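Note that the chains are named A, B, C, D, E, F and G in the order they appear, and that numbering of residues resets to 1 at the start of each chain.
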Amino acid sequence: MLKPLGDRVILEVTQEEEKTVGGLVLASAAKEKPQTAKVVAVGEGNVLENGQKSPMPVAVGDMVMFEKYSGTEVKYDGSEYLIIAAKDIMAIVE
Amino acid sequence: MLKPLGDRVILEVTQEEEKTVGGLVLASAAKEKPQTAKVVAVGEGNVLENGQKSPMPVAVGDMVMFEKYSGTEVKYDGSEYLIIAAKDIMAIVE
Amino acid sequence: MLKPLGDRVILEVTQEEEKTVGGLVLASAAKEKPQTAKVVAVGEGNVLENGQKSPMPVAVGDMVMFEKYSGTEVKYDGSEYLIIAAKDIMAIVE
Amino acid sequence: MLKPLGDRVILEVTQEEEKTVGGLVLASAAKEKPQTAKVVAVGEGNVLENGQKSPMPVAVGDMVMFEKYSGTEVKYDGSEYLIIAAKDIMAIVE
Amino acid sequence: MLKPLGDRVILEVTQEEEKTVGGLVLASAAKEKPQTAKVVAVGEGNVLENGQKSPMPVAVGDMVMFEKYSGTEVKYDGSEYLIIAAKDIMAIVE
Amino acid sequence: MLKPLGDRVILEVTQEEEKTVGGLVLASAAKEKPQTAKVVAVGEGNVLENGQKSPMPVAVGDMVMFEKYSGTEVKYDGSEYLIIAAKDIMAIVE
Amino acid sequence: MLKPLGDRVILEVTQEEEKTVGGLVLASAAKEKPQTAKVVAVGEGNVLENGQKSPMPVAVGDMVMFEKYSGTEVKYDGSEYLIIAAKDIMAIVE
């Protein structure tokens, strides 16, 4: 298991359905990276100046939209994840 | 539904009327991006050092002007939105 | 009407008189942008850490000088304005 | 009259005497910009976090040395001035 | 022994198993640097404004994932280590 | 006299003895700039957030070493000086 | 004697033993700069906002490892030293 530190969140990036033509999957080189992902782990928050921890705005299971090009891709146990700072998550998809 | 986090605001960008010549819409490559948009969702504000949340200066339904090149364009449920930080909204059009 | 947010100010840029030669207006490409403008709207100020708002140093009707290349030009109701942060206004012309 | 805002100061840049050869003034292209100037107006200081204003280190009439390339040149009422932040004034020439 | 200062952590980078073909180790030039490491020493934390020290989020023996290109490689007593700031450790591998 | 403002210090840069060959002074183009200087004036310190002034770490008459390329060279009354921020003075030569 | 100011530390860089082949010292152009040094003087610490001084993490006589390319090389009394900020010292070699 990966336990994110500080205000980091671990995301499982959802693969968007690709357009197909006659059953043939089009692997477009120009296809944009998906921006939607599922939260699989949440850090405890950053330690603030007053010693308390910053509240985390998302919870495990949330579907979220995140800033493009933010976060770090990691491979763990055969799967790929994105470790991202909470501030780079833009919105929850409800 | 998209729920913006922190001090983010979700805007629905209003398409400006395009000039037409004899009913033909001119799709000008040089046409500037519109800067006016309608607020469709407002975050709860950033958490300040004292634990309170920053007040949000706009409300759902407001027409606003925003800084060029700010925000992130997202696609949700077939529509396009702009997710933008409240500080990048310059003015309310009343 | 445009209502500026935060510490923004809306300026109506005063056109400087152009030099004319025998009644012919010289539209010089090299003519510098005017730096003097009239204040037409003033924001309520930024929210400070203590919850109060920053005092605004100018009032509607003031003639001001501003930093070159600061602010954002917007078009509203057929007129052009400059939306600028209060800190980029250098002086009041009294 | 120009009233500087915040911690700005308005300087009247003193022209350094130019070297002459036999009464002929040498207008050297390479002549360095003068760094000495006379204070003609002083702002009220920046508003600090505690609501008070920052003290201004110079007074009208002071001769000062300032950092090269700092400040903004403005023209007002036929004269040229330099509007500069107080922190960019290095020393008072007593 | 190396005693890290401030919020630094000393890591022993775990060599990932290399793919072999018929017993021949493939020394791929393109092989990515490993991102997983073992904590071998932990600093006492940075001194905060209130005189206390920042808590350290990892302990000796933890397996961690760290930001690529962060930290400084050092050689000590014949072994290689990475000295890294605690904030650049992304997650604990449990 | 030059009175430095804020945490500025005025230095009189000591010329290092140049190597001579048979009495001929070698004006080496590659000669490094001297880093040692004598303090000739000291500012009152920066105003801190609590209204007090920052203590100045050097006194008139001190010989000091300073960061290369820091400070501004000025000419005053026929002599050359360096006006430098106190933080750019590295050490006192005792 | 050199007395470092603020949180600066003066280091005497230890020359690493060079590899020799049959007694011949190999002066490798590619040899990395040594990262280990001996502390010979320690500043009193920076003045913090509360008026106290920051504690210094090293003492005279400590062997330390420091960040590459940090600090300023100075020559004093025929010897070469490195003046470095305490924050750029990574670890004490015990």
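Convention: contacts are C-beta pairs under 8 Å (C-beta built on N, C-alpha and C of every residue); 3 or more make two chains touch, one makes a residue touch a chain.
This structure is a prediction, so every number in the text was calculated from the model and none was measured.
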item	value
Shared interface partners, meaning chains that touch subunit A and subunit E	none
Touch-network distance, subunit F to subunit G, counted in steps	1
Subunit C-subunit F separation of Cα centroids, rounded to whole Å	42
Whole-Å gap between the CA centroids of subunit C and subunit G	53
Multi-partner residues of subunit D (each touching 2 or more other chains)	49
Successive chains along the ring, subunit F then subunit G then the rest	F, G, E, A, B, C, D
Partner subunit B, residues of subunit A touching it in the complex	35, 48-50, 52, 54-55, 57-58, 65, 67-68, 87, 89-94
Subunit A contact footprint on subunit B (complex, rising order)	1-6, 8, 10, 41, 47, 49, 51, 72, 74, 76, 83
